[in-house]
Amino acid sequence: MSKTTMTNESILTAAAKDNVAANKKTLLSKEVKHLDITDINFVPLVDAMRDTAFQGRNLGRAADIYHQMLDDSECAIILCLAGSLISAGLKKIVVDLINHNMVDAIVSTGANIVDQDFFEALGFKHYQGSPWLNDDQLQKLAIDRIYDTLIDEDALRICDHTVCEIADSLAHRAYSSREFIQAMGKFLSEKHAKAESIVLSAYQKNVPIFVPAFSDCSAGFGLVMHQVKNPHKHVSIDSVKDFRELTQLKIKNKETGLFMIGGGVPKNFAQDIVVAAELLGEEAPLHKYAIQITVADERDGALSGSTLREACSWGKVSMVHEQMVFCEATIAMPLIAGYAYNKGAWKKRQARQLSRFFIDNE
Amino acid sequence: MSKTTMTNESILTAAAKDNVAANKKTLLSKEVKHLDITDINFVPLVDAMRDTAFQGRNLGRAADIYHQMLDDSECAIILCLAGSLISAGLKKIVVDLINHNMVDAIVSTGANIVDQDFFEALGFKHYQGSPWLNDDQLQKLAIDRIYDTLIDEDALRICDHTVCEIADSLAHRAYSSREFIQAMGKFLSEKHAKAESIVLSAYQKNVPIFVPAFSDCSAGFGLVMHQVKNPHKHVSIDSVKDFRELTQLKIKNKETGLFMIGGGVPKNFAQDIVVAAELLGEEAPLHKYAIQITVADERDGALSGSTLREACSWGKVSMVHEQMVFCEATIAMPLIAGYAYNKGAWKKRQARQLSRFFIDNE
Amino acid sequence: MSKTTMTNESILTAAAKDNVAANKKTLLSKEVKHLDITDINFVPLVDAMRDTAFQGRNLGRAADIYHQMLDDSECAIILCLAGSLISAGLKKIVVDLINHNMVDAIVSTGANIVDQDFFEALGFKHYQGSPWLNDDQLQKLAIDRIYDTLIDEDALRICDHTVCEIADSLAHRAYSSREFIQAMGKFLSEKHAKAESIVLSAYQKNVPIFVPAFSDCSAGFGLVMHQVKNPHKHVSIDSVKDFRELTQLKIKNKETGLFMIGGGVPKNFAQDIVVAAELLGEEAPLHKYAIQITVADERDGALSGSTLREACSWGKVSMVHEQMVFCEATIAMPLIAGYAYNKGAWKKRQARQLSRFFIDNE
Amino acid sequence: MSKTTMTNESILTAAAKDNVAANKKTLLSKEVKHLDITDINFVPLVDAMRDTAFQGRNLGRAADIYHQMLDDSECAIILCLAGSLISAGLKKIVVDLINHNMVDAIVSTGANIVDQDFFEALGFKHYQGSPWLNDDQLQKLAIDRIYDTLIDEDALRICDHTVCEIADSLAHRAYSSREFIQAMGKFLSEKHAKAESIVLSAYQKNVPIFVPAFSDCSAGFGLVMHQVKNPHKHVSIDSVKDFRELTQLKIKNKETGLFMIGGGVPKNFAQDIVVAAELLGEEAPLHKYAIQITVADERDGALSGSTLREACSWGKVSMVHEQMVFCEATIAMPLIAGYAYNKGAWKKRQARQLSRFFIDNE
């Protein structure tokens, strides 16, 4: 193991002398592998952590609250994804949550859904690198870095163009990101039906995916190309429609729970639907359950680290079943998701197939 | 001073017994005041910090880089705003940057622009509170909390409705957030012409403001109400158009510099335009200058804390003039903006009036 | 589970009205339980994490490096403990590391060893509380709080006095903290032989424990009482002797590895012995292996978050087998220690019994 | 300015080819300069920050509380120093606080007092470097790195030996760190009387300095050499005596305030004296004022980031005048110290000369 720790750096140091193409191939040689929670028994560990203190106890409580959400037949569950989670090997966890009816809707940043999940569904990979690599040299090799993870920039460009092609194939009107991602799922089901993919599984299981800042990722590149090619009539992404649709889901499913990885736009967007429903004159209870994994803290006043108690003052989240866990996602998410998977409340849980709601209403 | 430190908490404890309306009034009694950099001499302090170490030195360097951007007649400057900056008393700084030609375009989260700046322009205020208040009781009083700052929720609802009214008054088509915010600026210039406001000043100075996740704020509430009222034909916000427009600005202004407060969507969005321009077949150099104030760090792999060196590997930011400052914005932003203001490079800088570019092209 | 989440807070709110003694008993009713790594299989999880990214990968690498230390028959292992680890339920892990020859010397803050481990060995407990309790009321109840954990202050005072009694029973001379802690271990072996205790196990297994800031804890209270009672001749704690002794261990055991939980004095002290050995004219290689679990980061220039690479510039730590893990200890320590325990390299590892070195040299 | 940003890295890259001695000289060429608060007007900025939010407001409150301490004629002020503050250019601030009667006792880590302040008093310097330097190459050049700051290791060794010489010159008995540092001050007053130095100024102004983990620094190296040379009779550092002495000061000065930079041993040690005094049967009120500058947060349960409210549960700190500021010290300390200096309460404050208390009692 330890021998490989420094390999990438040595390669890069050598890059000056050697053939660039060869270097790129060597740097992009060790794949990130997606962690599989279905094969590991998390219950004894997480149960034990819950009787310790600090973040171990918080993690135990959060896992327990997620289990309660799944066990509550009234509760629809919204998974919020921010941060580079898919490139980091957490894709299979989300796919398993979808396939085992452990999540009913997803709100995410674009990078997770398009640049990373859809990208991998097209056959591309993420590679293990190091945070100490020389970024200037990486740029010359057309390798993009996310902390310790490497991406072939040429492959990313293919991803951008695929989004453009999908847009080209659609009727020229305003779409919610959910609708467009559904089209991406349909594309995968036709062209890459065996891919392990969030977009594909969500398409098959009728789990809607919302990306409220949809242009802020590879999809943006593809869609800008599409619009420039079609200046007068084209696909547009109406972010208001996203908000309207997610609010409709809240109105339809009174009881809701949030499982949030990271903060950012997905956290705010999913919390806001309680207020939006109320503004539309509908009765909408606070999110009954809410857990968040984050390394942000509250002291800068920004949303990502704001406490779930603060969200109660806004009339968004109930204080009864809320828990924040201060831990990086690659460690905490497997433990929490794996615990709830092992506990098995999903076995008697119905698939809500919330995407059908929109299909039926179209 | 110290006597007031605990006041709000005492009031809230008393809230159970007393008249709720009276309590709300007392809790919302001490306004947040906007810091004025134009009256303070920052140069000796920041110059001295630059010869110390750690974040003092980083802050000194970042201030110097911002000064260089202003001094570089080729360079267009994009200000990125994430976090609750305006409610925190940093509004006047941004207004001064606009009015003194120290910023040419703004990319922001919606909260800063709509819930906080536009909200204050309508005559509402933010109030000094405490992070220790009881959120359950605040909810009952319809007071929203941002860490230590309090907001009258009833006033926020008026803000939502005002956005709805503006949407009602517009032609029913797809808008970029920039276009919609311009309409908000026009509204203010007609109805609240004396407000101290980013939206208003940017309107007057032709500084375009982009909010890539425009539904993720009070604007979203207003626009959802508008669309529900007008289900078939309505205003929509096309986030692709935002990306296209900002990319056009990059193509038009080869040399660019980024002054980023916080991370999130604004940081990513503004960095991405270099790649987008390239994808459109246009020559677009890396952002020549880039500084970021943030408390996030790189170890969770998320964008907000990712180093500007990492952004170099993506072909977005040059490594020559980049500096991150690990400090909360209410402390670092006044020092950096104030230093550059004092140094006075803006005095000979031309207003770029980038909004005119779109007006002319419409 | 969730029902208990809020219990302590409700109790405290009620405290104003009720009988104080009853409240104290209720608040101090749910014990922190010590996590047992010997019953859980950590290998599949940690192996899988190592192929993900960010801190999951770092944790996997750190666990692997700890396994390598144990597998390297030349390497003596120093465990460094900072932060409130024992009150947080991590005691049994350390006891198991000692009992299974997985650690050869310990450097710790005083709180872990005296206020928490020795305290529990006397029969006292730590209790699950909440970070939201009212500290003013806790003070009145003589309950001390560590984030979410509660301590009976009256029990702590008994701990202080026990230290005083041990000092009273010793010859009046200068001791290293190691010597004094050995006396504490002897005391436990005579009076509390069945306690689950780091101090007791280390005494029995001849694992020396160093607390370089020994007065900075309950031991300080006990020893100050002892010295005030015996103003002219008394036990003193010579911190130089500590440093001298630990340096002697480095000289005796050329190859060394560090397993550091938290930073602070233990991290610095254990790293410094390489330099101290060199100053005494002895050949002493860099620490061959070093891992650290911490939530601190490098950007404030303080030692706790300084990278292990920085320690290489000081000639203290080799860069070949080093890994920092950004994670709170209650989550990361069980995973790393449990992984190495499961892997079983300790089964063929000899007990070094380093305390005997000093006994023989006395 | 920007031209120098990358200089050191370029030099180091070149180090492989060039003459090592020349490289070392070039790397150690740009000195860290000590920030001078006496020449800058901080009042308008800090007063304005206090009416903003988040850490700006917290900083304003902390500055105000420090001003109150100085204005309270009953209050003795203890300054706690943790982290690498002196190497970072904050030395002159501490010297000014001492010289203007703004601090009555100091509790510090050893690095600040010995490796950095005493080291500079001997004529050595700290140099501006970069966090991106290659630590392996630095080690070969005998250059030690603290984040972005560089030290000549050969000079540090002279500092170690000077401590050894001072120990050799003293009577062979147990000393508190305070006593030993006083001897260091005497040494400076004789040999380096013109140095700008905390140790020297504190000696001259009778401000006692306590370093509770005195071996954990360059002093430890010097004293170990001294003890090895004098195995039977030698200087020892009794950490209990430190605690006893600081407790005596608390008993003598009922009202106390804490100005804490960083956490660690100094924070805990200074807080503990309230309890220690009580254990000795003396009446000792809680610390009346307490402020702390830190980047640590409370969620890992460790002392450094624990809230001052938590310290109230322990009966150490009053909750009435306490404020934590989440900011790195090189930015926050100049603002807080400078504000209090400008406000001028020190002008009518008497020097307490607490060192005389021990001299008189010897």
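Letters A, B, C and D mark the chains in the order given here, with residues in each chain numbered from 1 onward.
Methods note: a residue touches a chain if its C-beta (ideal position, glycine included) is under 8 Å from a C-beta of that chain, and two chains touch if they have at least 3 such contacts.
Since we're looking at a predicted model, the values are computed, not measured.
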Maximum centroid distance from subunit C, chain identifier (CA atoms): B
Interface sides of subunit A and subunit C: same vs different residues, half threshold: same
Centroid distance [mean C-alpha coordinates] between subunit C and subunit A, Å: 38
Cα-centroid distance, subunit A relative to subunit D, in whole angstrom: 45
In subunit D, residues with contacts to at least two other chains: 53-55, 84, 87-88, 146-149, 295, 299-301, 326, 328-329
Subunit B residues within the subunit A interface of the complex: 82-84, 87-88, 111, 131, 133, 135-136, 138-139, 143-149, 153, 157, 160, 174, 212-217, 220-221, 223-228, 235-244, 247, 262, 264-265, 268-269, 272, 275-276, 279-280, 295-296, 298-304, 306, 309-310, 312-315, 319, 328-330
Residue ranges of subunit B in contact with subunit C within the complex: 53-55, 297, 299-301, 326
Of all residues in subunit A, those that touch subunit C in their complex: 1-2, 5-6, 31-36, 39-42, 44-45, 48-57, 59, 61, 64-65, 68, 84, 87-90, 126, 128, 146-149, 295, 320-321, 323, 326-332, 334-335
